[in-house]
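What follows is subunit A paired twice: with subunit B in the first complex and subunit C in the second.
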Partner chain A sequence: MAYMVNDSYDLPTINYVNCYILDGYSVAGPKERMGKLGEHYDLTVDNDKFGEDTFEKGERKMFATALQGAINKSGVSDSDINAIIGGDLLNQIVSTSFATRGYPIPYLGLYNACGTFVESLVVGAMLVDNYMQHVACVSGSHFSTAERQYRFPLELGVFRSPHSQWTATGAGCTILSNHSAHPCARITKATIGRVVDYGIKDINNMGAAMAPAACDTLLAHLNNTSTKPDDYDLIMTGDLGKLGGYIFGDLTSKKGVVLGDNYMDCGASMYYPEQRTYMGGSGAACSALVFNSMILNQLHNNEIKKMLLIGTGALMSPTTSFQGDSIPSIAHCIQVEYEEELWN
Partner chain B sequence: MAYMVNDSYDLPTINYVNCYILDGYSVAGPKERMGKLGEHYDLTVDNDKFGEDTFEKGERKMFATALQGAINKSGVSDSDINAIIGGDLLNQIVSTSFATRGYPIPYLGLYNACGTFVESLVVGAMLVDNYMQHVACVSGSHFSTAERQYRFPLELGVFRSPHSQWTATGAGCTILSNHSAHPCARITKATIGRVVDYGIKDINNMGAAMAPAACDTLLAHLNNTSTKPDDYDLIMTGDLGKLGGYIFGDLTSKKGVVLGDNYMDCGASMYYPEQRTYMGGSGAACSALVFNSMILNQLHNNEIKKMLLIGTGALMSPTTSFQGDSIPSIAHCIQVEYEEELWN
Partner chain C sequence: MKSQQKDYAQISKSNYKSYVFETSPKSSHWKNMIWAFLIGGLICVVGQLLIALFIKLGLDKEMSSTLASSVLVALAAITTGIGIYDRLGRFAGAGSTIPITGFSNAIVAPAIEFRSEGLIYGIGAKMFTVAGPVIVNGVSVAVIIALLTALFGG
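Presenting the complex of A and B:
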């Protein structure tokens, strides 16, 4: 049974008045370092255990490192941060919760699978827009912890399907503020996605499951803001991968919205073909890493003035797949703008 | 290693101007029906599979039933709801995500373990206070799904430790609005908790792990609002259980705050001793069920005018426990007030 989009319901776009992106920090794994965007990350690690005795503790340390790195880079101190918002792919989002344990700062844990990083920006922006001064938004993922939790023991060396993606290893953190003394990018709008499920059951083809959700949210955002794709310097999805990205383009075209060269998918852009990630990267780290490195630099260098970041998430669990369920998906969209004129 | 509270950091309390509780709905399992509060729930089911072929699908159906029940009882229609906010205890919070699949409504998934219901009210209140008209906040848990995910196969019939609690079965949903034509309770304040970890590793004594977090958040809330326990008709924690409740009272006493007869714990109040739940109920259903039944009725009957609801969560996973970690915990507090005079 598929749960198609019901167009009779609106998907509203909310507006933020005061949400400034002070800075971001990215910690990536060794495979990501060797990938196309390796030079952009703030820190890359030699070994994906990151000096810890388990992959899970290594992932947790990446979260803590991204959090502290973003705080330092933003020129604020730990005690300036009024809340930490985030989540990850591990059961009970333990990477985020355990990383946050070291900070005596209010914490809200989130889970919308690989859409969690953008979800954290949506919720964090609400907090600084109305109630708080500074908020840290953190998310990420780890190949070795995700693989053994969701799929197979690493030691089994299972062959990968040609439509599969590779869970990216790393964490990214963004510091949002209700004010900024210097020119910086702002989050101006958000469209919170709904659960869309076209009946896809192939967990090796999550791009196909998530593409309809990304299409639904993008079309609502464009419609609500009376804009078209050309109005943005960049439209970026989280982890649809190569095949999912093609399906996404097909779906939007059928609705009369043609994506141009300004469209990219974080997961599809992270690795070289010879790295054998097939359809590219997946995982909450994709959008968290790419946004908090190359993209934030391009925004702050005035190379991007207006963009959409669409976080995509596949909401199944191994249990639901074993019980025969299809893959419900979601996509949240935020609009990020940099207007240097505002500060002149 | 314990992560004690660092008193040099503030835990701020945020204020909501327009957050009205239209109504709530509760769906409880057969054991809960036979418990002390059985008569208060809107719907109780005969069998905890709720007519489905797996416990997980039964849990999901309870979530969907609570959601639809709360919408109907609040006198709004599905299309009036601008967002669904919630989460549950299953890996990848699949109960909430799959229940939400039937609604073409924006969705934010959350996870702070058994504190998720109060977390959903904290985030939902931000949405109606600033951006949306109506929001549904939903959470719950299920004994049979939680037991086999977190502990042991049900068929094993493992002996329970005397300090253990019983995961409550059910789901509760609250509809928040930015306006109300009739007198109703309001959420006026929230104190978002931080992760506290006193080094407890006994997963059969989660009340002990969570009590310090509840103490930390309550003291911050009282301090920020210049109030004392006697200023509230009710101070209610989610699922500390009997032992956790005693520890909570001990900890607050040592800080000079003595809890009186106006303190209750949802988990500790749900079952009769002969139901052999030992320290009482646990799980996200505890606060969701009790608040959305007896307590909301008492608020709307003017028997409670001012109360605190403190959602408590233990943030470990089976993996972190197997890897030797202690149990980080969190508690979020909301203040609920009913002032009939406001509408006169």
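Presenting the complex of A and C:
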């Protein structure tokens, strides 16, 4: 059954004063390279294992590469980074923690499933706005490691449901700072989502499970900021996929908020139909890859001035699914703006 | 996604599941059944050809069937190893799961996957994660049927 919580409580929206996005770096897998956004990623790898002997070590190396790539690209050094925060989909978030062990830098491990990347930006922005100079936010996922943890062995001949999604392989890292000498995008607001469960139990339909959470958070953000969808150049969700994105649009329009052509979903935009991902990508890598490549470039080229990024996460585990429980979901929203005038 | 959907005035927690069910794309049962029939049938035809071949080579019927099954299991294990069998399964569904080749695939796939955790805690512990439930339930049902046969079958 669906969990009945009182959703008349308002979600608060946080305002950030000084949170600058210095730069981002994305490392994507081979299937992502062949996808629609292939040329945007900073680095794409030929092999899922990234030259390591297991998929898990390969994923770890993607995280470490994204982290170091973002630090270098931002023009800062390792010692300038005051904290690394992030997470991934594996049990005990090993990919992020193991990738971080090579750095003598404070570390916070986070988990909100596929919404972890946006969660890390929400927390990272708080840190640079109050206490720290530079924070690295890193997140991602890996098809081959996630598949065996959540579903079946790779070589098992199983029938794939037409509304299923494909876990994206890759990692993205963003460097946040409390100051910037050159024009760059800023995180100005955030709305932290709550756990929403509408009773969906089908783990092949996570888009449908997460859509109500995304709707809840978006409506709260629009309400708190007295804005409407047209006020943004882009409203982007993480990994609702094609079906989840459609349901999301349906849910918001029933509440009187109609999304226009400025809405996109990272997971639904990553692959071509002939790549047989059905409803598109899923996983923390979707938002981490798309935001740190194409979207950051568009922001810094002044093509996007104001946008919302909504990270969506399905918070179940294989154990809870086997025990017959429904899928609780979460969505966090950040507002990113680029105002060149600030530096004039 | 739109075509088969009723018009919902409001979507709430109470009607969300039926709304999602109607909105989600369905897999075509006819298409799936035809694929399952063709691929499953093809596997069985190969088995039958093998039996005929072994009989022709001078083996008796029982020995030929056993040998044909062994060859099919070996073929499925090899095609699993080189990454072909799972592609077959994506559209053949039950057609590639039900024949004896599906059983082979269900044991070899986790064995390959969990090799990275070593021979004991990897392959040893995980090899039967998919096939194990089939064996346990299959044996249990066989015992019950055998008991019933012994009691009432005369």
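Basically, the second predicted complex is superposed on the first by the 341 of 344 C-alpha atoms of A that agree within 3 Å, B and C clash if a C-alpha of one lies under 4 Å from a C-alpha of the other, contacts with A are read in each partner's own complex, and residues count from 1 in each chain.
Methods note: a residue touches a chain if its C-beta (ideal position, glycine included) is under 8 Å from a C-beta of that chain, and two chains touch if they have at least 3 such contacts.
Just so we're clear, the structure is a prediction, and the values are computed from it rather than from any experiment.
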item	value
Subunit A residues touched by each partner, larger count belonging to subunit B or subunit C	B
Contacts of A:Cys333 with subunit B and subunit C, given as first, second, both or neither	neither
Touched partner set for A:Met270, first subunit B, second subunit C, both or neither	neither
Partner chain in contact with A:Val158 - subunit B first, subunit C second, else both or neither	second
Partner chain(s) touched by A:Leu234 [first = subunit B, second = subunit C, both, neither]	neither
First (subunit B), second (subunit C), both or neither touched by A:Thr319	first
Subunit B versus subunit C as contact partner of A:Val135, first or second or both or neither	neither
Partner chain(s) touched by A:Thr54 [first = subunit B, second = subunit C, both, neither]	both
Set intersection of subunit A contacts, subunit C complex versus subunit B complex	54, 56
Partner subunit C, residues of subunit A touching it in the complex	2, 4, 53-56, 148, 152-163, 198-200, 205, 208, 212, 242-243, 246-247, 250-251, 254, 276
Touching residues on subunit C, where the partner in the complex is subunit A	1, 8-11, 13-14, 16-17, 19-20, 23-27, 32, 80-81, 83, 85-94, 96-97, 102, 105-106, 108-110, 112-114, 116, 129-130
Complex interface listing, subunit B residues touching subunit A	3, 5-6, 8-9, 11-12, 14-15, 54, 56-57, 79, 82-83, 87, 90-94, 97-98, 100-113, 119, 122-123, 126-127, 129-132, 149, 191-195, 197, 315-320, 323, 325, 328, 330
